[in-house]
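Which chain is which? They are A, B and C, in the order written, and residues in each are numbered from 1.
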Amino acid sequence: MKLLFEESRPGRGECLIPVCDVPEYALDPACLRSSAPRLPEMAEVDLDRHYTALSKETYGVNCGFYPLGSCTMKYNPRVNEAASSLPGFVQIHPLQPAETVQGALRVLYDTEKLIAEITGMDAMTMQPAAGAHGEYTGLLLIRKYHETRGELAQRTKIIVPDSAHGTNPASAVMAGFSVVSIPSNPEGGVDLQALKNAVGPDTAGLMLTNPNTLGLFDPNILEITKTVHEAGGLCYYDGANLNAVMGQARPGDMGFDCVHVNLHKTFSTPHGGGGPGSGPVGCKAFLAPFLPSSRVREENGKYSLFDPEQTMGRVRSFYGNFLVVVRALTYILTLGRKGIPEASEGAVLNANYMMKRLSEYYTMPYPQPCMHEFVMDIGPLKAETGVNAMDVAKRLLDFGIHPPTMYFPLIVHEALMIEPTETESQETLDAACDALIQIWKEAHEQPEMLHAAPLTKTITRPDDVLAARKPILKYLFDEN
Amino acid sequence: MSNIPENVKYTNSHEWISEESGIATIGLSDFAQDAMGDIVFINLPAVGDAVTAGESFADVESVKAVAEVFSPVSGTVESVNEELLDNPALVNEAPYDAWLIRVSDISERVELMDAAAYAQHCESEKE
Amino acid sequence: MGSYIPSTEEERARMLKTVGMGSPDELFSCIPPEARIHDLNLPDGLTEMEVSARMASLAGENRVFASVFRGAGAYRHYIPSIVTTVTTKEEFVTAYTPYQAEISQGVLQSIFEYQTQICELTGMEVSNASVYDGAVAAAESVLMNVDGRRKKKVLISEAVNPDVLTVVQTYCESRNVPLTVIPMKNHATDPEALRKLLDSECASVCFQQPNYFGILEDAETLIGITHEAGAKAVMNVNPISLGLLKTPGEYGADIACGEGQPLGLPLSFGGPYLGFMATTKELMRKLPGRIVGQTEDTQGRRAYVLTLQAREQHIRREKASSNICSNEALCAMTASVYLAAVGPEGLRRVALNSVSHAHYLAARLSEIEGFALVEDSEFFHEFLMTCPIDPIILNEKLAEQGILGGLPIEGGILWCATELNGKKEIDRLVDLVKEAVR
């Protein structure tokens, strides 16, 4: 496909902006750029077709099954999109007087109350723009807590299990902590003894995803949080996998002090090819004074903004990815009291169903019933046939299915992590299982074909090594 | 089977080192480059930086991994192999020619192995 | 009402049987009973018709102003029709991060095009695929050069947007990086103060162009002083202004960053917005966030992939320079479509009309007694002006006529005009202001 810059022709394109209706102001010539930016000059029809062509080379949830583990690629309901495009939400300035944005403030306020109830927390901020941003914000709460108690100099360590997302250790470092990684036990949970050995007077806190990245709920969760609390640390819940337990169990009841949720996972807002997401952070009442500025409060039916007394500052301008919050609120109001637990039940049922069907062929390193996702180990298949997790994933593309998450978690070397979500029918799950079973057979009969997969896409496997060794990160006008 | 020449010494973290007239030349062993796969970038220290025996002085990137390189000696970086900045593949192609840094003012050293001991060490690290 | 689950009760029962369970409750038997709940205090679910009405009613409780003279970090510009057409295409909206390049060439190419456009706009060599917003872009930028050994601290101008300043402060404090605010003089960064604050331990110096008060900073002098001390210069720029203004690249800045919202993104009560970051080849590997690169497939065809990934958290974990994972991809695409739709001439006109409207507005308001520019410096499309009455009362009177007036800040009112505030609108505003202060 041609790039915009290759399609551009000097002088083309409609003029969208009128000539200035007041005297043109002449800025000091020393302030002006020497030449115009080489932006595309295109007729609208060609521009429109350009993006139609690009959209056809993009696979979204609306194109088919997307069982990407840990990403909760559920269907993005249309009514959420309709709500988030209402002019009353889209065309308001973030610095309008509070009395002119009562509806918007109420969106933030109501969403806070609803997600606080779902997570068992007392207060929230909608400011973080993504999951990792939420992690960072949650860790700053922990930091402020220790700081106000005069213990920050001593409590410098965040404990993270080895099955954690890479964002956890990276966020801990950004929040000024060092990371202690602890191993998983043979059942895939936190190794309690290792945790007990790791905690101490230097413990600032623990970051935990529960269910974890293997799709397993930690049966020792209460003892885990108790152990950390007894050592004087706080417990952070990474809500990446909240879709497994919403309405069934709450991080607040498991002993967690703060939590982030991913609106673009659990609460059905679309992922936009990598964002915008939203990662609201909730906390128990004792951490609320440290939340970022610009929280919303309600008095006598009037909503207004305020800064918590010992606020950490802010992690983003204004109030977060507001239109994403609008979508999530629409979703939560739609599902309500019954629908929220129904969704997690459906997610867990779908995952167990796929796991059951596939376990006749593929190796399940943790064979107990899973929560909303499960991990297959392609290691044994590789030993037998030479076909690895990458080959299986790439072959799935030929079946019109988005591959599972590959090579994660790191503790299973040839991992494929499957998360079907609740919004898929049994037929869709069966078709995916049939495809994976056929691939298993192909691995034994014609492994060479799998190494070359995908076979039916507009490109074959791209050369990642070339891309990284000789980076070309923009169109090179002067060489073309 | 890895190529393990006898004219250099090795560390258990898979660096090789050869010393001549007070200058140590340090690189990655064939075993190490093979384990990394296609190397796409090497983050090297600057000339004049201090390195410490047993501590990391560089990192090596492949597409999907990054690994630290540990210095077998303490001293001062006397020169770095700038050719590797443009062509890190040299480490894959000829690991014993594609040195990373040269170190002078050598003080301490970590425990080093000869080729035979290192061959055994590599054997024991294979899964 | 409902939960978007396609399977019927009967189908679910059959699937439960397949997995060998007797009741749905068994699915959660691994949860300790003490942590298990069986009810939530939530309202009952709503049908689509009901929820649509509820959301419309909430939207209706917000006032949409026909005429907006307020900026201060969020700017109302004309959004070409094609922008929304493209960015509501369902494949773009519902895709995840393009990890699987073979079925993501569309979104990958669009990010590559975005990166190219940001480089063109800023005059820099390398752009990332976006970060959360302009304030976070500034924070990530000032921290890029901190190495904890030789380069330990950073400086930022007092004349940046206050939200940007607070976010940078929050980020620096948590990383234990000392941050000093460079005082301003006449509402612009004071070069002499900067000179005094700089030393060899300074990693970077950040200022905003045009600054929070709309004033054009003496970028050349500030960057010169910064480089003399061996620090890197971070320019936080308004992308629309770059339709006219000298680029960070031309000034010799090391990093250009900013809020991309003016490029086709609606005001949206503050988000989603777009943080852009661009830098030199020298600093390429310190740039946080995703980056798309061009390569070839096994048959030699051009293809795009996420590249230089060894910088990122999923590989480097605690050693990564940033934790960013999800970014603002669809907002980056919005900016890219916007820039392609307006083209070089359109962008120039947006910038020129904005700056011209702002100067016309300033001149007209100055006709009224008690309204005077606080500084006589060159400004872009915002300016600080005194106000003879309580600015809040003035704004209330304007609001009655459907106008969102300038933002009351210390020293007066920060007014803003863009290409959307035409002559008629400005003349009407001035008449109403005259009436209000009479």
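The rule is simple: a contact is a pair of C-beta atoms (placed from the backbone, for glycine too) under 8 Å apart; a residue touches a chain by one contact, two chains touch by 3 or more.
Small disclaimer: the values here were computed from a predicted structure and weren't measured.
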Task: Farthest chain relative to chain A (centres taken as mean CA coordinates) - done: B
Task: Central chain of the complex, centres being mean CA coordinates - done: A
TODO: Averaged over CA atoms, how far is the centre of chain A from the centre of chain C? Could you give it in whole Å?
DONE: 20
Task: Chain centre separation in whole Å, for chain C relative to chain B (CA means) - done: 43
Open item on the list: As a quick test, compute the distance in whole Å between the mean CA positions of chain A and chain B.
Closed with: 38
- [ ] Hunt down the residues of chain A that sit against at least two other chains at once, touch-wise.
- [x] 464, 468
- [ ] Can you tell me which residues of chain C touch two or more of the remaining chains?
- [x] 308-310, 315-316, 319
Task: Residues of chain B touching at least two other chains - done: 40-41, 61-64
Open item on the list: Touching residues of chain B toward chain A in the complex: what are they?
Closed with: 38, 40-41, 61-64, 88-89
- [ ] Provide the residue numbers of chain A that touch chain B in the complex, in ascending order.
- [x] 407, 464-465, 468-469
Task: Touching residues (chain side chain C, partner chain B) in the complex - done: 285, 308-310, 315-316, 319
